[in-house]
Structure formats: C-alpha cells, structure tokens
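Next come two complexes, and both contain chain A; in the first it sits with chain B, in the second with chain C.
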Partner chain A sequence: MAMSDYPPATIERLVEETSTVYSLPLFYERLNETINHPRSSIDDISKIITEDQGLTARLLRLANSPMFGCYAKVESIAKAVTIIGTQQLRDLALAASVMGVFKGIPEDLLNMTSFWRHCIACGIIARSLAVYRRESNVERLFVAGMLHDVGQVVLATARPEVSRELLEAQRDTGMLYLHLERERLGFDHAELGGALLKKWKIPASIGEPVACHHNPGSAEQFRLETALIHLADIICQSMELGHGAEAGVPPLDEPAWDRLGMSPQMLGTVLKQSESQINETFSILSGGADG
Partner chain B sequence: MVDRNLSNSPEFLQERVSYLEESNQRFMSILEMLASSSEFQGDLSRAKDGAGIFKATASQLRRLFSFQSMGFLDSQFDGSFELVVADPPGAFDILQSQVEARMMDGTFAWALNRNQAVLAPMENGETLLLQVVATQSCVRGMFAGTLPGSSAALDGASLNALSIVLYTCAYALESTILYGMLHDHTQHLEERVQLRTRDLEEARRQAEAANLAKSDFLANMSHEIRTPMNGVMGMTELMLQGGLTPQKEKKYLRAIKDSADSLMLIINDILDFSKIEAGKFTLEKVPFNLRDVVERCLGGLLIRCEEKGLGLTSRIDLAVPACLVGDHGRLRQVLTNLVGNAVKFCQQGRITVEVDLDSRETDDVTLHVRVTDTGIGIAEEACERIFNQFEQADTSTTRKFGGTGLGLAICKKLVALMDGDIWVESRLGEGSCFHFTARFQVGSEELLAADKDLSPDSSQPGQVPLDILLADDVEINRALVQAVLEPYHHRITFAEDGRKAYDQYRSGHFDIVLMDVQMPEMDGLQSARAIREYERAIGRSAPVPIVAMTAFAGNEDRQICLDAGMDDYLSKPVKPAQLLQLLNRFCERRTTSAVAVTEIAPPASIPKSAPDELDDSIEIFDQKELLERLGGRSEMVPRFIGLFCKGVLPQLEGLATSLEAEDPEAVRRHAHAIKGSAGNIAAQRIHQMAAMIEKTAKEGDLTETPQRFAMLQLEYSAFIEAVGALGFIAET
Partner chain C sequence: MGKVAIENIETGMVLASDVHDRSGRMLLGAGAELTQKHLVIFRTWGVLEADIEGQGSADSADQIPPDVDPLELAAAEQELAPLFKHTNRSHPAIIELMRIAALRKVQHGHV
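For the complex of A and B:
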C-alpha cells in the first residue's frame, strides 16, 4: 500500500502538527483558572463567558433545553453559573465551542455534519447514563462524548491520504475502521484524540475516557467514565445516530459492561430520554458554530 | 485578578506567581485537612443518631470553609425534609425560611437531582449553597450553608472537598441506621433464644415425665396381662387333669372365659392405643341411627347396672337428627368406656346419658354428649390428668378397679379424630359429669335403609344348606366356625393353608369360600388371587364369593382384601351372628329361596305411636329378644326377672300415689321408669302401656290414666304368670 514518503506517522508527530493548526478557544484556559482561583466571584466567571456572544447564546439555550429538565428559566450566565455550577459550566462551554474549532475538513473525507451529530449523540447519551446513575459532574461526560472521536479529525487533517486509504479499505474489506487503524498505523483514533486533549491541557477526567474508549481495560484512573463513553459510542453506532469514519459497530467490552452494572432494560429508558435532547442540542450547537 | 493585556510584564508575572502560590496553598491545606480528619471520624463513630452525625459534619466543614451559617435537613419516611441542626443555633430560623423558599421555587428539588452544589442568591446579598447528602443508593438529607456576598462561592478544589465531606456524612448516616437495625435484631434474637431455651427445658421435662409414666404403665400392664393368662393356664391344666364334675367343669370354663374376656379388653385397649398413636387410624363413614347406637350401647351395660342397683337412663334431644354419617363403632366405644367407668366407680344412685345438639351447619352437626354419675367423684387436680395416657386418677384405683388406664386416653384421641373435645366436671364425693363433643355429617333416611345391616339377626329362617370351603391354619378357629355353622346343616370342607384351599377349590364345587388371611405356605390374599386367575382361565362367569377372615380390620386392610379379589371380610374373633348374616347375604343371590336379607326393623318391635288400646299382636313376654340382650345366657333370665320385679313394684305404688295426688309430673316419672325396666326385660305389653301413660302425663292430661293404670297392673300380673309358665321362676 502506498504509505508514501511522508514522515512516519507517530502520535506525537500528528498531535504536534495538529495543535499548530487548531487550538482551543482562548476563553477555556482563562475560565479554568478563574474557576480555580480562591478569590474569584460569580461575576468574574460570567464576564469571561459573556465576552463571547456566540458562546453565551449557545450556553443559555443549552441551559434552557431539555438537557436540564426545563427547571426555571435561566436568563443570565450568572444564573447559569449558580444553577449549573462553575466547573460544569466550564465543561459545557468547552463542548459548545468544539464544533467551531475544526474547520476546513474536506467533505468527501469526513462529513462534519454527520460527524458532529454522532459526537453530540454520544455526549448526550453518556450524560444521560451518568444522570441515571446519580453521578456528580455529569457535564464532564457530555464534553467527553463530544470529543471522543476527535482523533479522526486529527488524522483527516494531518494525513488526509492515509485517512482516505483507510476509508477505502473499510469499504472493500468490511473490517472495522478502528481495527484497520490499529493494523496500518499501530494506534487508533481514540489514543490519538486523547493525546491531543492532553496537549490542550484538558483534565484527565475527560482526556482518559477519550483515549481509552475503544480499549476500556487500559484506563487507570477514570474507569467508570471510560466505560460510559465506550457504551455510549456503541449505542450511537448501533442506532446509527450520525456517524464518523466508523461504519460498523465496535464490540462491547464485557468487563466494562459489568463495571457499569446496568440492566439492558434501562437502556431503552435512557435512549428515550436522550432522543429529544440530541436533536435540540444539535440545532443549538450547530446554529452558532460559526459565531 | 489577572489582566491579560499585560501578559509579559513583571507585574503580570508577579501576579501570576502570587496566584499560583495561593492556589497551591489552598490545595495543600484542603488535602491536609482531609487527611487529618481523625477528630471528624471519632465524632462520627460516637454519634448516636442523625443529629449527632450532622453536628460532627458541621464542625468538619467549619475547618474547611467560611460558611456564615450551616444547617442540615434530615430526610423523613414520607419523603419530606426537616431542618434538624443549625450552626450557629441562632441561625435556625433564617435557614429554615430560606430553605422553605427554595422548596417553593423548585431550587431545592433541582439540588436533589443535581448531586452537586447549587447556589441561590439571597435577598440580603448573601448566597445560599445547597448540596444533597446522598450515597449511591439513597438520599439521606440536604446540606444548606450561607456564604458572604455573591462570591463564586467556592473554587473547584473546595467544591470537591465539600463533596468528599458530605459523602462521608452520608455513609456515616447509613452505617448508623444499619447498626441500629443490627442492635435491635441482636436483642430480639437474644430474647428469642431465651424463650426457646425455656421451651426446650419444659419439653425435655415433659418428655422425661412421659417416659416415666410409660415405664410405670408397662410395669402395671405386665401384671394385668399375666394375671388372667395365669388364670387361663391354671384352669386348663386342672381341666386336663380330668375327674371333674360337670358343674365344676362348667365353673372352670366360665373362669377361663372371664379371664379371656378381660385379657381381650386389655389387649384391645393397648392395640387401639398403639394404632392411634402410630397414626394408622381412620374413621369409618357409614350412615347409622344414633338412637339405635345409644340404646344398644346402654343395653350391653344394663346387666351390670342392675346387678349393682344403679339406674341407667338416656335422653336424646329431639333436635338431633335421626340419621348421621360417621364411625358409629368408635362412638359406641367412647360411650361404652365412659358409661363403663361410671358403673365401675359408682356404688349407688344413677347414671344418665344425655345427647344434645351443640351446633348445626348445612351438612354437619356437632353433638354434645354428657355422662353423669353419682359416684365417688374425681379430685379437681386430677380432672385434666386422667385423660393423659398411662394415668389413672390415683394409682390405687388400678389395683382396685383393674383396667389399663388407657380408656380415657383412647377416648380423647378418638374424640379428637371426630373433631371434638372431651372433659370432665367433678368433685370428690359428689359424682362426675363427663362431656364430649363430636362432629358427624347429617345422613338421610334412604341411606340408612340401604346400608342397614347393623342388627345381628341370629335367626335366619329358611337357610339353605351350602357347600363352604373354610381355610384357616389354626385348628380351634376351624372348630369354632364349624360349631356355628353345623346347626344349619352346611357342608364344610377344611383347608389348612392357602395352597390347599386353592387345590380344594379346583377339585370341588363351593358356594362360598371363607379365607383366613394369615396362613403359612400361601396366605389368604395369594390364594384368593390364584383362585380368581383360575376362574378367569376357565372362563367361569360367576366367581365364587370369597370372604376374608382377618384380625386386621381397618379400612386399609379391607381395601387390600378387596384388591386381592375378595368380596368382603369378617374381623376376628368372628361373631356367629355376623357370619350367618354374611352367608345369608352372599348366598341369597345364588339361591332362589326367598330369604329376607335386610329387615328394616326387627320383628315384634314396639310400634312408634301408642294406639289407644293395646294391639293383640304385642307379646306379653318376648323371650327371644331378652335372650339376645343377655347374649344367650338363659340362666340369667330368672335373676333378671327378679331384679325387674324388685324394681317395678315400688314404681307401681308410686304411680298409684301420684295418681291420687293428681300430680302429672310424678305420674310421668314413674311411668317412665316402669317403661324403661319393662323394655329391658322385654315385657312388651307392660312397656307399651307404661309408654301411653307417660305420654299423656307429659301433656298434663290424667283423664284416661286411672283406666290405663288398672290395665297396667293387669299386664304386670299376666307377665308374672307367663314367665312362670315358661319355667323361669323369679329369683328373689
């Protein structure tokens, strides 16, 4: 196969190249620090967000969407901070800006609409599962879901022809994209995505689930969150809620399923709750994608 | 705050370092505080209830954060929340009103679901923080705290520390509840163990006592069994020696019979008792006439009563149905036992048997039977004890009155099988009244007629001679049957075991086979089966009736006989009357002679309604009936007649006096007594006349009584003449 004369594609290299092209929105780091500063106030935090109108609009719409169960009207970011919580709002803000980060991806390589639909669905479902289990900080799961397949974008950006090859091979052989990745590259898009997030200094509670979502056994610190993302991704692939490069359904990791300790019956309930949220969230986030 | 515009200036860097140092310090202090929380843990473990745990948690939080006030709400069984702790205590009311406001506007409910801190601004500019106190499985409460100003409340690390402390609080609450439950359970368990130990002690004691009683019983029984046996053996020895006069011989034979009888009683008692104990006892369910059963039972005991000069009367309430369905044999057994006891322990006076209706349902009735006597009475403390097995009221009675002492215990078990109770009311020296209840189904007259074969009618007119095959391995049994049947000119063939019986059957022709069940070589069941097979093989259309003779006569055994191909069974020892009746029954089907098989009422019985004049067909003296009552002992008749006269004469005098006094109740009493005695002696006409007098006297009508009384006296004279003519000189 024509692997060509490009420099060898290691994860480090790819990440290095990508981060020079794309970077996290500026507000994220500031927001993170402000939140962690002992003397900052609600206003301080709100100010950072409200500087970005597009983000503000998206956040307020999200805060008033079915995702938060239509609890009293959230008219201001300050209110959102108190109701949703500072760290949670930060994670939500990140999720709300991710779509705007990656631009200029060729349509024939990766249909971004479909891709983001898949990511939002994964984020919503992972979050719903976490709510069902009475986890705290459920917004973390939402943003992890949003970012879980970002590795595919990295590859498509840094090595478009490799990406194309893999897609063709998938069409021809019917093998899973992720297995083809491992075979041809020695790593998969999960590991790649995780590496990028680490570079972006996104907390490990989000980064590790992304890195390990196709190999839940390799997670060390955040095994539960990893299992949630793993399961949510498989659900989305099975239900064909959007799609990225992967056309098939990856296998379910049994230990991860056991760790979750859930019954198949509840999946139906969770799915039902998530469906309405997915559509609305997608329209909210894609509406301000360019803002 | 950081000003990004001067991102590279020294001031900026200074500020940055400052921030990083402060942050770091904050992280370290939080970690340290969390790590050294032994005081917190200690307080938690010492806390006895929810409030204690909340207080301990509040102190811990005070070390971490600068809440102005803190409060905890406890979740209640009905799902509501109640503020139980406030720190400082003075802030209780403010916190209460704030929380209530949040409940109204939905923030509280939101916080319950969020599982993390939720902030709500207060009117005075402070901020209220709500965070749920919950484990993975259950919400235990809610924490509420106030913070100054509209601060971001808490930085990320502090929020995490808060969550950790509240988790600890939640698990401590859960533990306390579980410990409480465990404690209660343990205590409850201890109480139960104590109770059980007491019960066990009691049971052991009772078992030991029962064992002792059993051993005593065995020792007694040894004696009770050996004594009559010795009698039998001794007497037989003497007779075998020979050289005795006929009278002497008869005397010895009588003695042997008496010994055998009493031995039989004891053996029956023991066997009955064992069978009931082993649970191998089922009650029969046949229709029967209650009044007949009572009459027959008392009739059997009448002799003993008359001998001792005791009165014996019965009364059956009219409400009691005539026909009942149940085990009349066992009912009779209980009644006989109670009346027998009464006779035993009563020296003078009277014994009364009364049957009343205790309750009635659609298909069932419960009878209440009372047996009252004027005997020696029973001590109060013994009244319950006497129903226990192996006990008599006092051990001296066994020696004085004999018997197994099992009678009442057997009665108790039989009565229990009949869904009833048995008890006694008594006082020493004042007589006793034994009560028992029993449940029966209500029968119908038709059932009674169809099933009636109770009367052992010994006289079978027109019995056709039959060819009988008799199989029994015991010589004396064969001899007995032969003795019963020979007067009727039946032709009997003997077989000593089942095989010989089968061979005989094949080589001969028989009308009926009497088959003992327990035999060596081939037993009765096998022989019967063999005979049936043979009959099938040769295609015999009318199988021969085979009647089993067996010592085991329960329902299960009967079924076993029927399954083997037999048609009916007789229980041993075989009663002549039953044997004859059975022959009649089976052979009537084969012979064409018209033999009355079942008779609804024995001939010459007393008509139910009293006509105005005595029917001429009524006999003065029904000798046959009397003999039947006496079990055929004709030598007793003179004595019996003497007793009758002795008893009736004063009654006749009394009747005369009450008639003069015009006292219907007294007339009735005397007439009733005369009626009873006359009935017993089979002086039918006297009986009938007395009955008529009694009837009208009961209604208070004495108009016709003088004429009737005159006739009564005439009948009495006629009776004396009649028995004299028959050769029964009344012994006085």
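For the complex of A and C:
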C-alpha cells in the first residue's frame, strides 16, 4: 500500500520520535523518586504535588468525587495522600498529567474530547471490574485504562498520514482499525503504546496491560490486569462511550474472559455503577488546565 | 436456579444456595425466603448477586423492562449489528453486552 513516502514506521522509531518531542512532566519523575525514597514523608510528597496548582486542584476534586466515597471533605493534598495512599496518588497524578501531554492533533484524525472520554470510561470500568473482583490498589487499573489507547495518539502525532490512511481504509473496507494496523504496519496501537510507556519508565503493572490489551494471551506478568483492560475496552466500545480510532467492537479473548471468572449478568451492574463516575471524572480531568 | 443481580431480587424469593459476603463469610443459608431486611443486609455487606430458586440462568437475558417496546428493541439490535460484526457474537458476555447496548439505545435514544 501507499505508505512509502515515510521512513518505515517501526515501533522503535515511532517511540524514539515521540519521546523526544513529548515527555511526561518532569514532576512525575520527581514525584516517583520521592515516593520510592524510604525516608520521604507525606509532607515531602504533598510539597511536590502542590507546586503544580492545576494538578493539585484536579487531584483534590478527584479525592472528593464519589469514586472514593469519603464522607469528610478532603481539603489538603496531605490528607488526600493519607486517604488514597502514596502509590495510588502517584497513579492518579500520572493519569491527570498525561492528558495534557498530547496536543495539536488534527480534529479529523482523532477527536481528543471523545478519545479521552473513551479512555476515562475504560479506566473507570476497569477499576469497577477490579473492585467487583475485590482487587487491591485499583487505581493502577484506572490509569492503565486511561492510557490503553495512547498508541493511537502516538501514531496520529508521529505519522498523521499513516493514521489518516488507516482511518480511510477502515471506512472503505469495514475492517477493524486494529486489524488494519496489524496488516499494514505489522504492529498495533496497543504494542506501540506499551513501548512508549516503557520508554517513559512507567511501571510494567500499567505498561503490560496497555501493550497486551488486544492480545491478552501474550501478557506474561500481569495477566489479570491485562484481561481487565481487555474487557473494559470491549465494554466501552459496545456502549460507545467515547470514541478512539476504532469503530467496531474488537473480538473478545475467551481465555481472558474465563480468567476473570465473572458472570455475564454482572456486566450490567458494573456498567450502571460506573456510569455516573465516568461523567464526573471526565469533567474533573478535562476541566481546568488543558482540556 | 440462576444468579440474579441484587437490584432484581424481590422479597419472597427463595435462595437456591448460600449467600456469602465479600470475604466469604456466610450471611444466609440456602432455602431461606428473602425479606426486606435480608436485602438491606446483602447490600450492606456488598453482595451483588444471589442464587435464586426457580430462576433459569438465561432468565435475565430474556427480561425486557415493561416500558420497552420489543419491536423497538429488535430495531435497535439491528442497528447495532455493524458495531458488533467483528466480535464473537455467540459468547455469553458479548450477547449480554449487545442486550444492554440495545436496551440503552431504546431507553435513552442513544447507546
């Protein structure tokens, strides 16, 4: 196909190009270091967060949202750290800051509002599924869901032409975007996104589910998380909660479904629980600094 | 017998098997007839579904809320067919998702 005007798009090249242009705010690295340092206190952590006012506001609104079901008002970051936990707060900070990283993508390639809506919905549903399964530290699933389609954005920024051709091919042939990617590029947006997260040194508990969400069988370490993201993505596509580049519902991986041990009847319950959270979280995260 | 989600359980239904809370503690034994108080306790302890006597497990999939016109539902399902054409439509989870998606389309005018 006519994709020869560009140097061949390999995962390595795309990640290299993207990571030189877009980087996670330096603050994430500092936050991570501080959290991992055995002698840092809650004060140290909240000091770093409060340097970014937009982020502070968003984190506080998140901490006060029904997602955490806290009765008392959370009015300081130090309190939020205590309630939510340092690891989870780092995950939330990551989610809140990643949304601002990619900008300037042509509207006809990806509608970013709709795209983030899809991502947030996937994150919230993955989180609800995990809560239903009584998992601990569910915020990492929220973040993995938020980031699961980041590969689509990478392709749209690094190779807008390729992205456009794929979208046109999707319209013309009615094939899945995912399958077109694999056929024409040799990889899909899941692998691409996973590679970028690895480059950004995001922990594998988030990176692997992103990398394998369309091929859950290939996950080695975090099979359960991967299965959750895989299912959450399918739920979002089915209910058309926001839109990424993909127009159809991707195939469900049966071993992944079996791994979760859920009954189909629960899907409605989980969805009902998630829905108000999706709207709320979407307005919290998209309001304020960027959009 | 079949699993029934908590919001569809009504008083007077009979448990087909024991109900446990999230940590596995038994709350109520099989054969008990449910009262309003039981339902409150189930909710308090995070029980999301229970095994109810005389409910086929396919039952919930056939339930159509009274305010939904079956014809409209069929039309919505038809409309959704292209969305689901690439996925495994015979899988119970996907069947359930299609059902929910069609219901939402009818009830809210969108999916």
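Everything below uses one rule, namely that the second predicted complex is superposed on the first by the 287 of 291 C-alpha atoms of A that agree within 3 Å, B and C clash if a C-alpha of one lies under 4 Å from a C-alpha of the other, contacts with A are read in each partner's own complex, and residues count from 1 in each chain.
As a convention for this text, a residue touches a chain if its C-beta (ideal position, glycine included) is under 8 Å from a C-beta of that chain, and two chains touch if they have at least 3 such contacts.
Keep in mind that this is a model prediction, so the values were computed, not measured.
In the superposition on chain A, contact of A:E33 is made with chain B only, not with chain C. Looking at the shared chain after the overlay, A:T10 reaches neither chain B nor chain C. Once the two complexes are laid over each other on the shared chain, residue contacts for A:S23 go to neither chain B nor chain C.
Of the two partner chains placed by superposition, A:T113 touches none, neither chain B nor chain C. Within the superposed three-chain model, A:R134 lies in touch with chain B and with chain C [touch as defined at top]. When the two structures are aligned on the shared chain, A:M266 is found in touch with chain C, with no touch to chain B. Once the two complexes are laid over each other on the shared chain, residue contacts for A:L176 go to chain C alone; chain B is not touched. Counting contacts as defined above, chain A residues 134 meet chain B in one complex and chain C in the other. Against chain A, the residues of chain B that register as touching in their complex are 1-2, 4, 19, 22-23, 26, 105-107, 110, 113-121, 127, 134, 136, 149-153, 155-159, 163. Chain contact summary for the complex, chain A toward chain C: residues 132, 134, 174-176, 179, 231, 234-235, 237-240, 247-252, 254, 257, 262-269, 271. Interface residues of chain C facing chain A in the complex, by the touch rule stated above, are 3-7, 22, 48-49, 60-61, 82-88, 91-98, 100-101, 104, 110-111.
Within the complex, the chain A residues that touch chain B are 30, 33-45, 69, 71-72, 81-83, 85-88, 131, 133-137.
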